[in-house]
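Take a look at these structures.
Paired with chain B in one complex and with chain C in the other, chain A is shared by the two complexes that follow.
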Partner chain A sequence: MSSFYDSNLVLIQATLTGLVLALSVQVPLRMGVFSFAGAGSYGIGAYLAAILVLKQDAPALVAIALTVVFAAFVGLLLGLVIFRLNGLYLAMATVAFDLIISVIANNGGTLTGGATGLYGVITDFTMPTMLVLTLVALFLVALSERGRTGRRVDAVRDDPELAASTGIKVRRYRLVAFVVSGALGGLAGAMNVLVRSTVGPLDIGFGLIVLALTMIIVGGSRSWKGAVIGAIIFTWLPDLLTVIGDWQELVYGVMVAAAAIFLPRGIHGVVVDVKKWVQRTRRDREGVPAVALQDEGDRPTSLEEAVQQAESVDRPAGPPVARLATHSEVK
Partner chain B sequence: MQDLVSVVTVGSIYLLFALGMSITWGTIDILNFGHGSIFMFSSFSAALVLERTELGLVPVVLIGVVVGALMSLLIQVVAFEQIIKRAKDKRAAEMQILIGGIGVAIIPLAIAQNHTRSNPFGLSASSFKVDTWVVGDLRITNVAALTVVLAVLLWAASAVWLRRSRTGLALRSIGVDAETAGLMGVDRRKLALATMAVSGAMAGLAGVLFTFSLGAITPESGDTLLVKAFACIILGGVGSMVGILFGSFFLAAAETVILTQTNGSWVEAVSFGLIFLVLLVRPAGAFGRKEVRRT
Partner chain C sequence: MAAETVETVGTPGTGTPVLELRDVAVHFGGLKAVDGITMALHPGLIYGIIGPNGSGKSTLIGAVTRLTALTRGEMLFDGEPFQGVSPSKLASLRVARTFQTVRLLPDLDVRANIQLGADARRTAAADDAPKPTWWSKVRGDGASPAVADAIGRTRLEGFEGYYPSEMSYGTQRRVEIARAIAMDPKLLLLDEPTAGMNKTERAEISKLLREMRSEGLCQLLVEHDVQMMIDTCDYVFAMNSGRVIAEGSPREVVQNPLVQEAYLGRKWREHA
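Here is the complex of A and B:
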């Protein structure tokens, strides 16, 4: 085990930063905010942490804390500026934001090291700290998917008008999405530069957006589990695919395209569907009343599913809204 | 003056490339992120053919146009039609198309990168040679002249066609209200396929001409152009034909100004900054009439 750990340390570290980066794009997506700003925050985080360490001799944890706060603040500003935009326009504005960050990094002179970037960022940052930080971030994100918060987030995504009419402050939720995305992106960037010790403008370009997006598309966009699946697949696959050598990228492309077209909710979505199907067949066989089964796999992940589930339950038909109300508990 | 020539040349490339994207986005609601890959791969296919046989200008351009149209059709049938079929509403479909386009675009990029080892490739093997004409103190290459003429002609043709012809009217009606258009007897699938094919053909044409005028392009150059084309479309307003003309040449002019006034490394920021600024100040663009949807 320990030899496995030693020989794969780089990959393990890459999995952790990849996971946090994926989360930074996934959190807004889950709230229906189509923002790729997480990649830009990653750039901010990586550069700021490197500058703090190189120029101010900041200890690793101080650098990370400052970076996360700053990236979250930039996220808030960005959110305030572009909250009016929606859909494709929002997506492209955030892509522009990410690319502007990389151009600034390229032109920052001695502060950002220009085209060569910054290197020699060596600190007391250790693997256990990294693991703890990642797990804390993951835990907080997972927490936001449960209970009342989780249901509100689902409502904000699936039907903002309905959510607003039930008293959810949709705009505030969307701003929070920007802030959280900024903090997570900053964390991912800072951790990456602290373990890699270098960062350059090429690391934070269009490719980073595509990477974060591919992890979520293939893994699944509705749950932190999807981000975990995606991060693991796209960090470890190159190692496993050395057999086919040069054609790795092609396999990637086919995988991502197929997932984007046929599995809109990613591998995690498939797992959930399979679980549901297994439960349904078991339920049918044993004749257990369906209402009793409200555990993990059976919980609706969207309003449509809630309605479908409500409809599949054998009870007197009412108007759809009434049936929905029995499940969603939106206050 | 020489700067003006380069503005017009670069603007024409942007126009050729962005025109197809603008039409598909403005009418059939497809923002095709595979457009950059089509652009690059058409030129790459021509380069592959030239490795085997020597061809002149016309056949090379034709290869680019045909490959571009076929790729675009393929993406439409394999990816976008499937996504639209499965999506629950229009908003979800738009997003899924954006993501699907990014996913599909990786495939041609991977093939080209694999073959060229990420090095630039060119069309210098063609029997057509780039010539420079000197008029007064202006220098114009024959490729640049051809690009400008073709871009403006194609732009004018599609603008007139969209405005005057019955099919153009049908296509525009899809952009306004797809469902009603369908009820009025517009064959949405056929029109969407035709539009995608034309759009891809123009991307292919732009790819070959761009490669000729630069000498060589890298497999990744499609991505950069994609964001720039988006800036052109946003600047002028989605779906507006005058807008796309304005946007392309405005972006080219702004970039040239930055290029001549600074050391050049800020050029990339122009298009990104413009996207941001226009979306904030006037999301409908300079010539857009359609209200941008907001919640």
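Here is the complex of A and C:
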């Protein structure tokens, strides 16, 4: 165990940062907000944490806390600017945000280290701290999928109009999605730079969006469990595929495409469907509940009573045209 | 069944109306979808709106639920103007609605779909349920009594664990109504609640609506089925081209020549 841990420490750390990054894209998606700003927030997190450590000698946890708050704040500002956009346009705007962060990183002079980035970010950040932070983030996201919040998030995603009619402030939920996405992205970036001690413009580019999306599309976009599955698969898979050499990119691509086509709700979606199927089969064996039976008291017990009841119904004495439209006379 | 109440109509309530519309109009460019509607709805009565397709019924419901902006006019709820409030605020005023097409959340089972309505109640009116702890709130498995009550009233016992895709259209509609009831509304707007239901189910729904009427609920029903209207409503407005062309007891309205013409066409009246 210990030797496995030692030889795979980098992959384990990458799984945790990958998971938090995936969550930063999944949380808005679950609310129907097509935002990929999580990747940009990751960039902000990585650079800000590195700068705080290098220039201010900040301890790891202080750097992370400040970074998360700042990235959440940027998320809020971004949300306020673009929350009216929808679908593809929203997605494009957030991709543009991610690219802007990359450009700033590349051209930030000595502050960001330009094309070479920042290195030598050494702190007291340890693996247990990283694990705890990841678990806390995961726990909070998992909570948001349950109970009242979970139902409301579902409503905001599937039917905003219905959501509003049941008293849900849809706009506020969508803004919260940007803030949470910012905080999670910032956390992922900060943790990554603190364990790897270096960050450059290439680490925060477009590839992050692809990675996060791949994780949640294959893992499952509706639950934190999907993000966990995806993060594990796509952190470890490339490493396992090295044995097939030059073909690994192709195999990787085919697997992602196959998952997108055949598992539209990801691996977690399959598990959910199987669960529902088992539930349904068990239920069918027990029999279907009786549908909308009238009160026994209302039901005629004899033919005379039935006729009497039928006659007692107040029907229009008007012209037959009006009666044509009545339902009860259509047999 | 409803015969005893039909005779009392023509007096559409007294006191402060739950909902009052004054010269409400919604125009889309040159199209006058709703054009000067005035009505006052009182507690404990069921009001109906009939009218051919495109007569402005659904636009009117949209205006009342604040999804469509008014061109002119005034809307009052319990005597207070509300044309400025957001659609989500409306739920805390205890206005509930159902939609013309079934709108249930596909990933939630029947109980959770209805709970969505009861959730609104927590923020709005005092719930008779004990105040939930934050933990039970996030866990959300303690279905409130409002849900059990709504399930009982709509005869959905046994369907609690079903998902919308596993039920018939009529049963789905009943879940929608249950969700609205779970909000403990003062005003319930029902947009064709019995479309897609069989005869027994229609009778059930009619009975349920009358039961809630006796509890003081004010209901506004958009309905195509004339028999359902006659069995259920106390007072009916007939709309055509955005205006009210007739109002009164269901029987009066149905027999009104203008209504028959708008609904069925001139040919039918001559035929009659």
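The rule we apply is simple: the second predicted complex is superposed on the first by the 281 of 331 C-alpha atoms of A that agree within 3 Å, B and C clash if a C-alpha of one lies under 4 Å from a C-alpha of the other, contacts with A are read in each partner's own complex, and residues count from 1 in each chain.
Going forward, contacts are C-beta pairs under 8 Å (C-beta built on N, C-alpha and C of every residue); 3 or more make two chains touch, one makes a residue touch a chain.
Values in this document were obtained by computation on a predicted structure and should not be read as measured data.
**Q** Looking at the overlay, what does A:Glu161 touch: chain B (first), chain C (second), both, or neither?
**A** both
**Q** Does chain B (first) or chain C (second) touch A:Asp124, or do both, or does neither?
**A** neither
**Q** Just chain B (first), just chain C (second), both, or neither: which does A:Gly147 touch?
**A** Touch status of A:Gly147: second partner only.
**Q** With both complexes superposed on chain A, which partner does A:Arg222 reach: first (chain B), second (chain C), both or neither?
**A** A:Arg222 contacts chain C only, not chain B.
**Q** Now for A:Arg283: first (chain B), second (chain C), both, or neither, which partner does it touch?
**A** So A:Arg283 only meets chain C here.
**Q** So, A:Pro264: does it touch chain B (first), chain C (second), both, or neither?
**A** first
**Q** Applying the touch criterion given at the start, work out whether A:Lys169 contacts chain B, chain C, both or neither, answering first, second, both or neither.
**A** Once the two structures are laid over each other on A, A:Lys169 reaches chain C alone.
**Q** Which partner chains sit in contact with A:Leu250 here, chain B, chain C, both or neither? Use first/second/both/neither.
**A** Once the two structures are laid over each other on A, A:Leu250 reaches chain B alone.
**Q** Just checking: does A:Leu88 make contact with chain B only, chain C only, both, or neither of them? Give me first, second, both or neither.
**A** Once the two structures are laid over each other on A, A:Leu88 reaches chain B alone.
**Q** Considering only the contact definition stated at the top, list the common interface residues of chain A for chain B and chain C.
**A** After superposing on chain A, chain A residues 161, 170 contact both chain B and chain C.
**Q** For chain B, which residues are in contact with chain A within the complex?
**A** So the residues of chain B in touch with chain A come to 31, 78-79, 82-83, 86-88, 91-92, 94-96, 98-100, 102-107, 109-111, 113-114, 223-224, 227, 230, 234, 265-266, 268-269, 271-273, 275-276, 279-280, 283, 292-295.
**Q** What residues on chain C touch chain A, complex-wise?
**A** Chain C residues touching chain A: 1-3, 6, 65, 67, 86-92, 96-97, 99, 103, 105-108, 112, 115-117, 119-120, 122-124, 136-141, 155, 157-159, 161, 163, 166, 168, 170-171, 174, 179, 183, 199-204, 207, 224-228, 230-231, 251, 254-255, 260, 263-264, 268-269, 271-272.
**Q** Can you tell me which positions in chain A touch chain B when the two form their complex?
**A** Touch list, chain A to chain B: 34, 81-82, 84-89, 91-93, 95-97, 99-100, 103-104, 106-107, 160-161, 170, 206, 210, 213-214, 217, 246-247, 249-250, 252-254, 256-262, 264, 304.
**Q** For the complex, which residues does chain A have touching chain C?
**A** Within the complex, chain A contacts chain C at residues 143, 146-152, 154-155, 158-159, 161-170, 222, 276, 279-280, 283, 288-294, 298, 312-322, 324-329.
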